[in-house]
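Some notes on the structure that comes next.
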Amino acid sequence: MHEMHLLKDLLEDILKHAKDNKINKVGKVYLRMGDFTEINEDILRHYFTEHAKGTIVDGAEVVIEKSPTRELRLVSFDGE
Amino acid sequence: MSKRNVSVNVEYLTRVEGHGNIVVDVKEGKLETCQLQIVESPRFFEGMIKGRSIFEAQHITCRICGICSCGHTLASIQAAEDAIGFKPSKQTTELRKFLLHMENLDSHILHIYLLVAPDLLGVKSFVPLIDTHNKVVRRALRMKKAANDVCDILVGRHVHPISSIVGGFTKLPKEKDLDAMLQILYDMRADMTATVELAATLKFPQFERDMEFVGLVSDDAEYPMLMGDIGSTDGKRINKKDYKKATNEFVVPHSSAKHAKWNRESYMVGALARVNLNAGKLHPKAKELAAALGVKPKVINPYLNTVAQLIECVHSLEDGIRILEEFKKNGVNQDEVVLVGLNEQDRIKVKPGIGVGAVEVPRGILFHNYEVDEKGIIIKANCIIPTSQNVNNIEHDMRKLVPEILDKTDEEITLALEMLVRAYDPCISCSAHFLDVKFVGR
Amino acid sequence: MTRTKPKVAFFDFACCEGCQLQVANMGELLLDVLGLIEVVEFREVMSEKGPEKIDVAVVEGSITDKHAIERIKKIRDRAKVLIAYGSCATIGGVNGMKNNFKLDDIRKEVYGDRFNYFDTVETKAVHQVVKVDYFVNGCPVYIPEFVKVLKAALQGIPYEVPDHAVCVECKLNENVCMYDRGVACMGPVTRAGCNSWCINNGNICYGCRGMVSNPNENGAMDIIKKYNIPMDMVINKMNMYNKCREIDKREQKKR
Amino acid sequence: MKKLLLKDSKYEIKKSKIIKVTTLTDLEKFFEIELPGGDSLDHDPGQFVEVSILGVGEAPISVSSSPTKLGSFEMVVRKVGRFTSALHQLKEGDEIGIRGPFGKGFPVRILEGNDLVFVAAGLGIVPLRSLINFVIDNRRDFGKVSILLGCRTPQNMLFGDEVAEWTKRLDVNFSCTVDRADPDWKGNVGMITSLIPGVTLEPERTFAVIVGPPVMYKFVIAELLKKQIPERQILVSLERNMKCGLGKCGHCQINGLYCCQDGPVFSYDKIKGVPEAL
Amino acid sequence: MLYNLSQYVVLKKEDFNGFISDLVKEQKVVAPVAKGCGQFSFEEVKSGSEISIDYIPTILPPKKYFMPRDENIATYDLSNGEDMEPVVEYEKMLLFGVHTCDLAGIQCLNMVFSERPRDLNYLIRKNQITIIGYECNFYCDRFASCRLVHNHSPNGGYDLFFTDVGDRFMIHVNTNTGEELVAKSNLLRKAGEKDFEDLQRVREAKNREFAKNEIPIEHEKIPELFDRAYNSKVWEDLDKRCVACGNCTNVCPSCYCFNMIDEPNLDLKTGRRYRQWDSCQNESFAKVAGGESFRKERGARQRHRYYRKFKYPIAKFSRFFCTGCGRCSRTCMACINLKETLNSLIKEQGMENPEAGKV
C-alpha cells in the first residue's frame, strides 16, 4: 500500500544526490529490498516508471537486490 | 560527462507508519491522484465471529471499535434479534435509545473538543490547550466523563458495554440509578450551553459540494437513531434488509477499508447526513440551536459536520433527559432483567435466519448482518462501518477541494485536507493528527 | 530539586483503541496524570512524534502482521520500560480468535478474491514478540489498575498482576454467583484485578484478563460438567480471549 | 467514616537512616541502618525486622549484626522481587522505616556454657552472623565453637573478610565447602552435610544451629542426629513470608505455628511433628 | 430454664418497621437484604421493609464491617523522608439481624485480635458497632452445620437478641448498650410469663428441629479426627477438585488473613498503607520473596483451611473456628462440601458414630 509515497521519497533522494554529484542522466538504480516489506515489487516498478517520466531518471533501469530483513534501501545509482 | 556511480544509503520503510495517509498528486496544476489511504492493519472480525453464538457476538463485535462500542453492540444485538425474530420490549428499546444518545454525546464531545478545536485554535493537539485554554479542556473532560459516568451506571462502562445483550439488559437502573443519571445530565446542561457559545465563535472553511447523504429515515415523529429504513437525500428509501443495495462495497488496493457508493459516485453518512435528512424531528432545543447557527438542510459543506454534531449533542442530552424522566415517572420494570446465559438455557427461541442491524452511531449508519443456523451460531457475518462508507466521499471532496485551493501554500493545503478528513470524524485514529499529507508533485 | 518528567509515549497496534479511550475517559484525573509525565507521542490525540529515546512506552493492540513485528521491536529498542495494556496487547485478546482459522481462509472471508492485498500473520500478544515489563490486563483496561501500574512504572518497581481468580473480587462484591444461576462464567480461571467489573453488571466473566498462572483446568471442567453446561460452548468461551495462550504453551514446550 | 491518628499502633515505623551500603555480590547488598537518635535495636540474634519503603511496601529482613554492635544494625538483602529491588536502589543517607525486632531469636542464655556448631548455607550466614559475632564477642561464655559454611561458588561467599578472620581465630573451628569450585579454591567441594562427620563433638553439651535454604534442613538434621545431638539442642531458623510480624496475617503460618511469633527460630523437637515446617 | 425476667422485652411484629425507623434516625443501620436467587447480603437499610428477616447466611458475613476488605492502617508523606502516621478508620453503626453462627464468627475475630500483640484498629472499630442478634428457628439449608459446633443457640456476643415467637419478638437485653436502646424506644414492653412460655415453646421446637444433626461424630472427638487425618486421601481428592478461587475463605466469618499493601497517590509522595483480605487458597499466599511456595498444592491449601477451623485454634483459643454457617460449602463451585469432607474423613478413620449429635 505504501509503494507510491515511498517512491516519491526515493525519487526525491535520487534527484538530490544526482544534483549534488552533477549527474545529468541516471542510467541504473540499485535498490535493496527485504522480504519482510509489504511492498509489491511490480507495483513499485510500475510507479517508478510512471513517476520518473520527465525527470533525469526517466528510463533508468531498476536493479532490485533481495535481502532477508525488512528494508527498502536506495543503495546507489549510476549516471553520467 | 563520464559515467559515475553515486553511493547513497537511504532507508525508507521507517517513514510509512501511521494509519491514515492522504496522497495528493498534482501535476502542472492538474490533480492526478487524490487518495485517502487507510493502512490500519486488518483484523478480520467478520471472519472471527463465524462459528460463534449470536448471544456473544455483541461482545466480540463491539471490540471492532472502542469509541463507538455501544453502537456496535446495539447493531449486533439488532442483527441477532432480527435473525431469530425476537422483538425487544418497549422498555428495552427506550433504554437502548438512551444508550445511543449517551454514546453520541460522548463521541461528539471528544471530537469537537479534542480533535477539531485544536485545528480551529491553531494548535497541534489538545495538550498545549491545557495551558492556554485550561477551562475549556477541563470542561471537555468533565462533559466526557459525565457521559461516561451515565454509561457506567446504565451498562457498566462506555467502552465495551457490559449489561446490554440480546434480549435486553442484564441489569436495569434502580430508582437511585435514575436519580444519579438525571443529576449528571442536569448538571451537564450548563457545560452544554458554554459549549454552544464556544462553537458559535468558531469559523469553518468555506467549501461546498453537492452530494448524497444517507441515514436512517422513518415515518414517526422521532429522530431515528435505532430504527428505520435506509434513506437518501436523493429521495431513495429501502428496507434495511437491502442495505447492500445502498452500500455497494468495493475493495480498492490503497485502503484496508472497503469503499461504498449508492446513487452517485459516493455518499456521506454521519451527523450532517442525519441532520440533513431529519432536521424536523430534532428536539426543540436542538432545532433552536440549528436555527441560531443558520443550519438549514440541505447543508453541503462537509466541514459543517462538526456543527451538526453539536446540534446532535443538544438533542441527545435533552432527549436523553426526556427518556429518563419518563422512566422516573413510570418506573423501571425490574422483572425484565435478562440473564446472560440465555442461550445456555434455551430461554430465547432460536431459529435459522438472516438478520440486519442498522443503527445510527456517532459517525453514521452502521450495518451488521448475520446469517445464523438453527442453533443460533453465526455462519456468515458482514459489518459495514460508517467510516468505510465515508472514505470514498472524502476522496471525492478532496478532488473538488484541491484545485480550488491550489494557490495556497503546502501547509495551508495540508491543514485544509486534514481538517476535511477530521470533519468526517472518521474512526479516531485516522482523524487525529497522524494524517500524513504527501504531495507527490505540484 | 525538580525531577525531570519521564517521557511517555503511547503506541497502538491491531486493536479497537478502547483502552486509549479509557485513558481519555479518566476525566480531570487525566490532567493529574499528565502533570506527572511528559507525553511525547500519542497518536490518538497529538501529532508530535517523540524523540528517539523514551522512558516509558505504553503499547496497545496485538501483533498481527510482519510490519507490526518490526515496529514493536523498534519501539522496544527506544523504550526503557514497556507497558502492554489491554487484552490485545497482554494476551492477544479477541484478535487471537483469528488463529482459530487458516490465515488465507479468513482473508478470503473478509476481502474476497482481492485478499492478497492484505498481509496478516498469526496473532500474537506483545510479550510473545518482545520483552514486556508491565502488564495491564483487561478489555478494556480498568483505569484504577492502569493508574496503579503507571505509578509502579514511574517508581521503577515491578507490578504484580493478581494471580488469584476473579471470584475473589466477585465474592467481595457480594454478587450472586453465575454458577448458581446456571451460567458458565470464566471467573474461576481468570486473573483478578478488575473488581469483577462484568459480573457486577449482571454479565459473566469472559476471561479478558487472561488465566491465572496455575489454573486447575480439569477442576474447572468438572465444575462445568456438574452444571450441565455444554463443553464446546465453554471451550469457545475460553478461546474468545485466550487463544494466544497456545503460543505461550508452545514456547514453554520448546524450552 | 471517621479517621483517627492511632497512637501505639503496632504498625508504626521508626524512621531510620541507611548509613552504609556495600555491594557484596551481583545479587546481595549490605545495609547498615541507624535508628532515630542512634537508639539500639535491642534485638536477639536471629530476630528479624519489618523494613518499610513507603509507597513500595514492607518486607521481613533478618538482622545480621550482633546485638553487641551498638548505634546501628546491619542486614543483607538479596534482590529477588519487587521490594528488594526497590531497596537495592537506595543509597547512603536515604531513609527507610523499621518495625520490630520481631519473633523469637536464638536462646542465647541457654546456649551459654555449651559447645556450638553453626551450620550455614547460602544466605543462611546472614542471620547466623548475628549469633556468631555475638558468641565471638562473648567468647569466654561459650564452649567449643565450630562454624561450617557452605556456598554455591567461592564468589558467592558473603562477608569474606569476616570469614577470613574467623578462620584465623584459634578459638573457633572453621570449615567451608562450595558446590562448585574455581581453580583458585583450595577448600572442600561438596554438600554442606559432608562437613558434619568430620566435626568432633560431645553431643550432650552441644547445640547445633542451622540456617540455610529450606531443602537443606532435613539432610543436615539427619547428619546431626547421627552425631547423637539431642533433638531439643538442634536449632533452626525458618524462612516464611512474614507480613505483619504480629501473628495475625496468616502468611507465615506453619501448621498451627506462626513463624513471626513462635519462630523464626525453633528447636527441632518442637517442629519435628509439624509437617509443613521442613 | 434460667430466664431472668428483667432481661427480656417484647416487640410486636406490627411495630417492627417503626422500631427500625427509630434506629435509622439515630445511626447507620445494616441488615440482611435479599439479592435474588435465594441469596442475601448485609447492606445499609433505611427502613424495616428493606430487611429480609427470614434469611439464610448472607454471601459475606458481617466481618466485612469489623475488618473491612480494604482497611487503611496508615497514611504517609515522603516530602521529608519516611513519615508515616498510623490511623484507624471507624464508623458507628448498628448491625441488625445477626444469626448465632455469625455472632460466633465475630467472637472468633474478637479473640484473635485481642490476643497480644493487640490489634487496636480492630478493637476500636468493634467498639463502635452495636449488634442485634436474631434467632434462627429453622434449619437454613443442607449446608449448615451449626449444630455440630454448638453454635445454633445464642452464646452471647450481642447487645440485643431477637427471637420470633409468633406475633411478636422476644428480645434479650445483654449489655448496657442494649439497655440504652431499649430505654430509647417506646415500642417495647417488659416481657411477661406468657412471653416466656412462648419463648420456651419456640426453643423446644427448635431443639427438635436441630436435633437431626448432620455428622456422625461427637463434638469432642473432632480434634482427634484431625490429629489422625493429616495425610488423608481426602485432601488428594480436594486437590483435584479445588480451583483455588478463594471463595471459601472470603465468605468465612472467622477467616481473617490479610495482606499489607502500599498505595501511592498520583503525586507519588503521599499515599496510604492498607491491609486487604487475603486467602490461604491463593497461589501467592505462602510464597516467599525467592519464589518458593510453602503450600503449593491446592489440596494442601484446602487442608490448611480445615485445620485452621478444627485443629489449630483449639490449641490457641479452645474453640472451633468453624461457626457452622455453611457459607464455604454453599459458595463452592467445585461443590467441596464441609460436611461431606468431614464425613469422608470420619469414614476413612473409622470414627463413625451414628448416635452422635442426637438429642
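Think of it as A, B, C, D and E in the order they're written, each chain with its own count starting at 1.
As a working rule, contacts are C-beta pairs under 8 Å (C-beta built on N, C-alpha and C of every residue); 3 or more make two chains touch, one makes a residue touch a chain.
These figures come from a predicted structure and were not determined experimentally.
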Seminar exercise, completed: Chains adjacent to subunit B and to subunit E under the stated definition are C
Exercise. Which chain maximises the distance between its CA centroid and that of subunit B?
Worked result: D
Exercise. What chain is the most remote from subunit E, judged by the mean position of CA atoms in each chain?
Worked result: A
Problem set entry | Chain occupying the most central position, where position means C-alpha average | C
Seminar exercise, completed: Busiest interface, judged by C-beta pairs in contact, is B-C
Exercise. Taking each chain's centre as the mean position of its Cα atoms, how many Å separate subunit B from subunit C?
Worked result: 25
For this session: Would you mind pulling out the distance in Å between where the CA atoms of subunit C average out and where those of subunit E do?
Result: 38
For this session: Just give me the whole-number Å value for how far the CA centre of subunit D lies from that of subunit E.
Result: 39
For this session: Among the residues of subunit C, pick out those that touch two or more other chains and give their numbers.
Result: 65, 67, 70, 117, 155, 160, 181
Exercise. Where in subunit D do residues touch two or more other chains at once?
Worked result: 55-56, 81, 83
Seminar exercise, completed: Among subunit B residues, those touching two or more other chains are 13, 253, 256
Exercise. For the complex, which residues does subunit C have touching subunit E?
Worked result: 29, 32-33, 35-36, 147-148, 151, 154-155, 160, 163-165, 167-168, 171-172, 174-177, 179-181, 187-189, 212-216, 218-220, 222-223, 226
For this session: Using the touch rule from the top, collect the residues of subunit D that touch subunit E in their complex.
Result: 1-13, 15-16, 52-59, 78, 80-81, 83-84, 95-97, 214, 239-241, 243-244, 246-251, 253-256, 275-276
For this session: Would you tell me which residues of subunit D are touching subunit C in their complex?
Result: 55-56, 81-83, 85-86, 89
For this session: Would you mind writing out the residues of subunit B in touch with subunit C in their complex?
Result: 13-14, 17-19, 41-53, 56, 59-60, 63-67, 69, 110, 114-115, 124-127, 130, 137-138, 141-142, 144-145, 148, 155-160, 162-163, 165, 169-171, 251, 253, 256, 337, 339-341, 344-345, 427-429, 432-434
Exercise. Where on subunit C is subunit D touching in the complex?
Worked result: 155-160
